[in-house]
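What follows is a short report on a single structure.
We call the chains A, B, C and D, going by the order they appear; numbering starts again at 1 in every chain.
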Amino acid sequence: MGLDKNQIAKRIAKEVKNGMYVNLGIGIPTLVANYIPEGVEVVLQSENGLLGMGPFPTEDKVDADLINAGKQTITTLPGSSIFSSAESFGMIRGEHVDLTILGAMEVSEQGDIANWKIPGKMVKGMGGAMDLVASAKNIIVAMQHTARDGSSKLLKECTLPITGLKCIKKIVTDLAVLEVTEDGFKLLERAPGVTVEDIQKATEGRLIVEGDIPEVQI
Amino acid sequence: MGLDKNQIAKRIAKEVKNGMYVNLGIGIPTLVANYIPEGVEVVLQSENGLLGMGPFPTEDKVDADLINAGKQTITTLPGSSIFSSAESFGMIRGEHVDLTILGAMEVSEQGDIANWKIPGKMVKGMGGAMDLVASAKNIIVAMQHTARDGSSKLLKECTLPITGLKCIKKIVTDLAVLEVTEDGFKLLERAPGVTVEDIQKATEGRLIVEGDIPEVQI
Amino acid sequence: MINKTVKNAQEALQGVQDSMTLMLGGFGLCGIPENSIQELLRLGVKDLTCISNNAGVDDFGIGLLLQKRQVRKMISSYVGENAEFERQLLSGELEVELIPQGTLAERIRAGGAGIPAFFTPAGYGTEVGEGKESREFNGKRYLMEEWLKADFSFVKAWKGDTAGNLIFKGTARNFNPMMAAAGKITVAEVEELVPAGELDPNMIHTPGIYVQRIFQGEKYEKRIEQRTVRTA
Amino acid sequence: MINKTVKNAQEALQGVQDSMTLMLGGFGLCGIPENSIQELLRLGVKDLTCISNNAGVDDFGIGLLLQKRQVRKMISSYVGENAEFERQLLSGELEVELIPQGTLAERIRAGGAGIPAFFTPAGYGTEVGEGKESREFNGKRYLMEEWLKADFSFVKAWKGDTAGNLIFKGTARNFNPMMAAAGKITVAEVEELVPAGELDPNMIHTPGIYVQRIFQGEKYEKRIEQRTVRTA
């Protein structure tokens, strides 16, 4: 029941339109690259300074001087370009990147996101997350609907330290696809085998259900 | 009597020390490049985006894509580098250029400079002058001591619109070499055949004369 | 890779309208978008605000747009060498806003990089600072300056690829890279357009993300303002 | 052309002292100044403030300086992958200031470019914005952030020439160019040092004016953090 990580990625891939520049966060977002439909030309931005991120290299092409923001060895593509971190975040801050896909610990019904810090745990840092969420024109969050203890991660207000305010537009979880509206989380699609009631139970923030909710098609 | 343009340039060239990055303004400052002593290695910055400006090209090497800030065709040198206008003024604003030499219409005894606008006349613009005077660690002005009508250009206060405040360190005119100090224009050297009285008469701002004033050696 | 190629200047300038704010690359006549300027002339769009370091000469570059009275306002650092410009300015037909060159470059860079304002020492204590907020940092006074953006940016590069990546040549680079990033729609004309993959990713001056339309220009005159030579 | 060459890391690091603020280029372990870090270890200077996007791993990069307790404070955007770091932080031996990556890059760029402060949207409404001035431009809130500078900057390039010009390779560029400009003294180590004139002036990433000392490094390990491969 519910979508697995690859299915979440596959569903998000449908949001990626031809001609987009896209920044993919670490984790599920990275998997999205595997499911971009044939014929949809997109350019992946890696915030450490690369446009046009290609697949992982074959063993003989591994280059220590060519990594992505997750520090994985990668490749370039015909038409790639490389630049400094200042230029890279100029690109992000200047809203040249069309779509950002990232993970989250919590999202509020206003579209606030928390994904960088858990009080009491070692804080590793926000990396580029605050820049990305403060600037992106369009942000989609990939996450589990609930935490391991069953508590909702779609909240009225975030309880964890905030990464950015009112910035999330869409959320794809294991249970549902939701849009963040002025009035709360609007339910767009439900995962196969998941009922509206299941989603309602797993959602602490205000859930808006209008009419029939179709199943996710992937 | 007094120094001609080339002699002013030659005198200023003595201020150029080994290892300096230097920006030369249009007019007399440009001539300074011709008199930099053998063995003194300097790099000329042209604010339209070049470090390491070389001499004018021979006829067969003229390149429309290689000009200086005075729009003259020029050449590069071994070790030159080319960059954008933003980078170029980052270099200037960030105080990486050691010495700026420029012309002036007026300098005040506080070191204010006016060199970009004459009320009532067509205003062509400040170009890079305001950036240069606001940022340079060391600025030398090359100018005539008096205007054509005989009025002094070394004033108590500038009468023309200001280019920058309290920024000029040294002035080389046809009559004298002067340092701008807290107390006014300190006379350092006089041109051959010019007396301290001549200089006093030609200087409206406070002139400080201490001890014997040697002749300019060029 | 996304393909940004358009056929020619005509296709590249679709959507340019009266009263728009345009950025035009170049320093003097060096690195100016000659083909785009010709197309602006042909289109006859008017009441333009043009952001460009200079205003061309009487019969070339932006000077041509001035002659046809297409420009309402110039935003530049230096506008000499142009008699028609002077005439229109004095008669009040043309408005001009003069900005220190480094401030102009940085305001355009800020526009592309999403920085709405920054502080610079240039112009403090001068008429450029009048009406602007100033502030002291580490004992020195600075002016607050805001970003500049454009409806269309027209830039000219030496080489470009179909993905919109650009390489400039010599000091023809100047304002072009920042303007490419600051235009809502950026049109790049290049002397040589090559397929994506032919340019070294490591040696790109302007990444393709900033360029919406690219075409190979023609008949570059590349006029020289001050031909200065030495004898061999 | 001014010659910036020094013999080796030892000569390049002359003048580095306890309690200085240092910038170190690199993203993760990619593009880090390996030779300069080794020399910092040998010198044993301590109470350092290190500005670097990351803090290395336990046994490589800045992690080595942490192990020898040479660092008093890290200014970074992300400091994971380092157990010793975590131990020192929790025990209070080490101070850390976390800055959003884009803000970090831009503050360093501002330091080199003489811009004491600028506005960015990153971090507004978060604890990063606490105690900072915020302001609205065009209906959006921004934080004011100030420049960062260093007593010494250590950068690593692929190629360099004796005039100090640098070319980086791949994503090893990252923070290196901005740091080169923001150091009072900038030390560049390069894999290959060539005579001035061998690099194309048009293809320089960091102009020599920013580099005070340059040397050819040795024994680059270039460790990979996440070796990810596909089968052919």
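One rule holds in what follows: a residue touches a chain if its C-beta (ideal position, glycine included) is under 8 Å from a C-beta of that chain, and two chains touch if they have at least 3 such contacts.
Predicted, not measured: the structure shown is a model, and the values here were computed from it.
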Centre-to-centre distance between subunit C and subunit B (centres being mean Cα positions), rounded to whole Å: 29
Separation of subunit A from subunit B, taking each centre as the mean of its C-alpha atoms, in whole Å: 56
Averaged-CA centre spacing for the pair subunit D and subunit B, given as whole angstrom: 36
Junction residues of subunit D, two or more chains touched: 106, 109, 113-115, 120-121, 169-170, 202
Touching two or more other chains - residue numbers and ranges from subunit B: 50, 82-83, 89-90, 92-93, 135
Graph class of chain-chain contacts, one of line, ring, star, complete, other: other
Inter-chain touch pairs (all): A-C, A-D, B-C, B-D, C-D
Contacting residues of subunit D [partner subunit C, same complex]: 106, 110, 113-121, 135, 137-138, 140, 142, 146, 167-170, 202-203
Complex contact set, residues of subunit D against subunit A: 27-31, 53, 76-80, 86, 89-90, 98, 100-106, 108-109, 120-128, 158, 169-178, 205, 222-232
Complex interface listing, subunit B residues touching subunit D: 19, 21, 41-43, 45, 50-52, 76-83, 87, 89-97, 135
Partner subunit A, residues of subunit C touching it in the complex: 1-3, 109, 111-115, 161-163, 165, 181, 195-197, 201-202, 204, 207-210
Touching residues (chain side subunit B, partner subunit C) in the complex: 46-50, 55-59, 62-74, 82-86, 88-90, 92-93, 112, 122-131, 134-135, 161-165
